[in-house]
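Both complexes shown next keep subunit A, but they swap its partner, so subunit B is in the first and subunit C is in the second.
Up next, the complex of A and B:
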C-alpha cells in the first residue's frame, strides 16, 4: 500500500506544472474570452460602428430573431454542414486508407491529392469563380455546353457548387488525418485477421473502422464545426448570393455588421454562432464515449 | 526532496517571467497598432484611393506632389471599390482611418459628419477662394451639408450612360433604343442572334440599382427619390417605384440580361468585358467604365465601335429625358482624428496638388471629365472628345443630377435596398414586397 501511494505522489509531482498552461491561457483570455464578452455586451446595444455605443436592451435580439434571413442563414448553414460532411467524410476516409498503403504510385498520387492544401481559400475561390463563369469560363472556353451552366448564379445549383469547392479544398486535409490514423494501426491485427480468413472488405470493416474511431471523431468535429466558420471561400465565390442562397450564418453576421453597419445585430448573430459551435463540439465529443483516454491500439 | 523543491521553484520563476514577458509583448501589440497606422513618419498624411480608371492618374499626382514636397509627403494605398467601402468605415470607426477619406457625398458623408469624424472645410475654402472657384458649382454642392463644406470634389463627373457595341448593332441591323418599348423590342432580336442584350454585374448589386434609378426618374421624375431621401413616411409607395420594378422584372423575364448575371462581379470588370468582346450588346454603367475599356480594350474604343447614349424615355413618364443619375464626382474629406501636421499636409495638397494643369490633362487623357471650369478647349483637343464632350454636356445641361441612391441614403437603408433589389432581379420577391420592406427602413 505504502509503495503505491508513494509512487502515486511521485507521479503527481513529476506531472506537468500548472504554470505550463499560463502562456496558452493568457492568449486564450486576451484573444478569445475578452472579445467574446465584448460581443455578448455589444449584442445588447445598438451601434453603427461610428457613433457612440448605445444600450438598447433586447432590440438587437428581437431584430435578429424575427428576421427571416436569420432563419434562412441557419438553414443554409445546416445544409452546407450536412452535405459537406456527407461528401467529405467518405471520400477522405477512403483516400486516407488508400494513401496509407506503402506502394510508390500511391505516394506519388498522395502528393498530388495534397496540392489543394497549399492554396489559400481566397485563391481557390477566385480560381473556381473564373473556371465556372458561364461566359468566359471552362464551359465557354472548351465549347462544352454542359459545363457552361450558370453554376454560381442559379439558386438551385449554387449550394452544391459551394459544397463541391469546399470539398475540393478540405478533402486533402482530412485525408491526411486519416492517413496518419491508418498508419498507426498495428499490422499484427491484419495479419491475425488474414490467418482467420478475413478478406479485404472484412478487414476494413472490422479492424480499420473501429481502430479509426477517434480519428473519425476528430475529423468529423473539424468538418462540422469548421463548416460554421466557412467564410472567406464563400464570400469571394458568391458573396452569399444569388439572393440569400449561400448566405450562411458567418457571412450573414459579417454582412450585417460591416455592410449594413448594424453591429448590435451582428454581435447577436455572433453569440448564436458561438453557442451552436460549442454545442456541436460537445455533442461530437459525447458521441465518442466517456472514456476519452482509452487506447485505441492493440491490447486496449 | 529539497532538490525537487528547488527545481520546482526555479520552474515557477521561469514560467512567471515568460508569462510576464508575453503579456508585455501583447500589450505592446495593442498599443503599437493605432500609433503605427495613423502616422507613418511625422507629417506624412495617408490616403486611400480606389483601383480602376483613376488609379494611375491619382498615383501620378501623388508621386509628383511627394517629389516636390519632401516635408509634406502623402502615403497612398489602393483598394477595390467594394472592399474599400467596408474597410474605410471600420477603420474610421476605430480611429485608424486615413487622413484623406475618399467618398461619394450623400448619406455616407452625413454619417461621418454626425459622428464628428471629418473636418469642416468651410473656413478653408473661404480663405482659399481659388479652390472654390475652380469647381463646377453644381458638383461642389454635393460636398455640403447644412451650408457647411465637408468634402471637396477630387476627380471627374460620372453619369450613368447606356453603352452599346456598334459592331453587334450593325450585325443585327438595330438602332440604339430611344424609348423603353424600343429597348424591349431589341431583346428578342439580339437573343435570336445569340447575343445577350444587356450585360450586368449583378453580384456587386449596385449595377442593378442604375436600372431602378433611371426608370424611376423617367417614370416619376426626380421628386420620387427626393422624397425617399428626405425620409418622408411611405415614400417608397410612389407608383413610379412599383412600375419601375415591374419593368425590370419584365426585362428579366424576356431574357434581357446576360446568362449568369447574378454571379458577375463588376469589380473584376467582367461586365464590361462582355460588351467589348461582343457577347453582350449593351450595358448600363457609370462613366468610369469608359476609362476601363480604353485601358483594357483600346482598339474597341479608338476604332469607334463603342456607342453611348442616354437612358431611353418611358411613355407617359414625367421625368425629363435630360435628367441624369450617377456620381457627380468623388470627394476628399479630411479626417478630424488626424494630427495637425497631417491635416496641414492634406490641405496643402488639396490647395496646390490637386487639379494642377498636368493633373487635369492626365484625367482627360484617361477618358474622364474633370469637375473643373474652363476645360472645354482641352476636351475638344482630346482624341476621346466625342465621349468627353458628350459627358460634359450631359452633366452640365442636366435639369437634375441625382446622386447614386446607395450613397445618398444612410448605409443601413442603402444596404437593405441593394439586397432587396437583388431579390427583384432574381424574381424572389414582388415589387409590392420590395416597397413594403423598404418603407420599413425609412428613418433608419
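Up next, the complex of A and C:
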C-alpha cells in the first residue's frame, strides 16, 4: 500500500520520531501491560491481599469455575450487556440522526442531552436511588402507584432498572458519536434520493443506515466492551443485590478480591473478563468486515 | 409485571416509531418531522426529570422532604444542605479531585500527543507495533487488572496517596487519547511538514510549532474527555485510597451517603456540588466539546 518513495522517506522519518512514542509506551507497558500479565500470573496463586503471594497451581481456577456464583455473574453480565445494547443502540442512533438535523431547537436539545455525562457514576447511582424510592421519589410525587415500586429491592425488576439507568447515563455519549457520523454523510446522496422521490423512511434505510456502518461498529464495540466495565454505577446503586441478582462479573471480581480477600480467585475472574472483552471486540470488528478500524487492528 | 417495567420499554418503541422520521439537514426538511420531534422531547423529559428531582430536593429541609410532594419545588428553599456538605471537608475532596485530574490529564496529553505525532509521521515496525498495542488497549476492559495494580501500588508504598491514582489513570487514558489525536493529526497536510523539514526543523520543533497549533481543538477535546473520566473515576480511589486525606469527590459522595443516609436532601446536595464544576466548564466550553467529541469518535 505504500509506494517505494514513501517507504524511503519513512525510513528517514522513523529514526527521530520513534523516540517520541516511548514515554507513552512506557507508561502503558508499566501500568497496563504488566498488570495484564500480572493478572494472569496472580490467577495461579493464592493471596489474601496482605501476606506473601503463594503459588497454588490451578486451585483459584477450580474455585472460580466450580462456584455457582461465577456462572450467575456471567449470566447477569450477559443479560445486562444484551438488554443495555438493545435499548441504547436504537435510541442513540435515532437521537444522533435527530440532533444532526439543521434546526436550531435540535442543537439546543443536543446541549441538554449531554448533561448526564457530567455526572459521575456514583452521583447517578445516588440520584436514582433517591428518585426510585417508593415513598419519597417519582412514584409518590406523581401519585402513580405503578411507579412507586420497590424498584431496587425486587429481584425481578432490578435488572431492568439497572439497564435503564445505564442507558440514561451512556446514551448521550453514543448519541454524539452517531451525530458525528451522520454529519459526515455527503448531502448530495440525499439530494439524489430526493430527486428520485424517496421519502424520509427510504432515505433512512437506504442512505443513512449503510453510510453509518463504521459508526455503528465503533459505537457497538464501545457499548459492548464498555458493559464489561459497569462497576461503579451498580456498586453504588445495588451493590450487586438483592441477593445476587445484579452481581455482574466486574463487581463479583471486586467483591471476591477486596471483600472476601481472595485475590487469586479474583484474578481468575479478571482473566475471564479480559478474554471475553477481547473476543467480543474482535468478533464485532469481524462482523463489520474490512474497515478502517479492522485494518488498524491488524496493523495493515 | 410487564407493565411495571415502564421506564425501559416505552422509550424504545417510541423511538422506534420515530425511526424513519428524523431527517437530515438539507432537502428532507420541508415537512415538519413530528414523530422525530416528539421522540426528541420525550428523551429530553427522561434526561431532565432526575436532574430536576436532585436539584429541588437538595434545596429542601429534611422536614420538607418527608412531608411535601417529592416532585414539587420546595416551599421554603434552603441552602443549609450545601452548608452541611461544605462543612464536611468538601473543599479537601475537591482539591484532591483537582490535583488528580490535572496531574493525570496534562501528562497524559503530553505523552499521547508525542506518540500520536510519531505514529502518524513515522514509519517502521516499532511504531506499528506501538500503535497496535494501544488499539488493543481499547478492546480490553483494563479495569480487570485492578488486582495487580493494587499489588504494584502497595509494593511501591504508594497506597493511599494521590500519586497512586494518577499513575494508572495516565496509562489508562493513553489508548483513546492517541487514537483521537492521531485521527486529527492525519488531516494535517504532509506538505507543511515537508516544507518545515526542508527548512531544517527538527521533529521536536515541528511537534510544537506545527502539529500542536493545527490540532489544538482535538487536544482540548481529548483533554476535557479525559478530565471528565478522571474527575468522575470511582474504582481506583475505592481500591487504592483509604483515608479522608486522599478521598476524591466521587468516593466522598459514596461515603457521605453512608454517613448521612437518612438525610437525603444533604446527600443530593453533595451530588449537586460535586457536579457543579463540570457544569461550569461545560457551559463555557460546550461548543468546543460537542463538536470535538462528535468529530473525534466518528472519524
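As a working rule, the second predicted complex is superposed on the first by the 264 of 300 C-alpha atoms of A that agree within 3 Å, B and C clash if a C-alpha of one lies under 4 Å from a C-alpha of the other, contacts with A are read in each partner's own complex, and residues count from 1 in each chain.
Just so it is clear, a contact is a pair of C-beta atoms (placed from the backbone, for glycine too) under 8 Å apart; a residue touches a chain by one contact, two chains touch by 3 or more.
Nothing here was measured: the structure is a model prediction, and the numbers come from that model.
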Just subunit B (first), just subunit C (second), both, or neither: which does A:261 touch? first
A:49 in the overlay: touching subunit B, subunit C, both, or neither? Say first, second, both or neither. both
Which of subunit B and subunit C A:20 touches, first, second, both or neither: both
Looking at the overlay, does A:109 come into contact with subunit B only (first), subunit C only (second), both, or neither? second
Contacts for A:136 in the overlay, against subunit B (first) and subunit C (second): which applies, first, second, both or neither? both
If touched residues of subunit A are counted for subunit B and for subunit C, the larger one: C
Pick one for A:66: touches subunit B only (first), subunit C only (second), both, or neither. neither
Look at A:30 in the shared chain and tell me whether it touches subunit B only, subunit C only, both, or neither; answer first, second, both or neither. both
State which residues of subunit A lie in both footprints, the one left by subunit B and the one left by subunit C. 13, 17, 19-20, 23, 27, 30, 49, 133, 136, 258
Once bound in the complex, which stretches of subunit B touch subunit A? 4, 8, 11-12, 15-16, 18-19, 22-23, 26, 86, 89-90, 92-93, 111-112, 114-115, 117, 202-203, 258-265, 270, 273-274, 279, 411-412, 415-416, 422-423, 426, 428
For the subunit C and subunit A complex, residues of the former touching the latter: 1, 3-8, 11-12, 15-16, 18-29, 33, 36, 39-41, 43-44, 46-51, 53-54, 57, 65-66, 69-72, 110-112, 114-115, 117-119, 121-124, 126-152, 167-168, 170-172, 174-175, 178, 202-203, 207, 228, 231-235, 238-239, 249-251, 253-254, 257, 264, 267-268, 271, 274-275, 278-279, 282, 286, 289-290, 293-299
In the complex, the residues of subunit A that touch subunit B are 13, 17, 19-20, 22-23, 26-27, 30, 48-51, 129, 132-136, 150-153, 155, 158, 238-239, 241-243, 255, 258-262
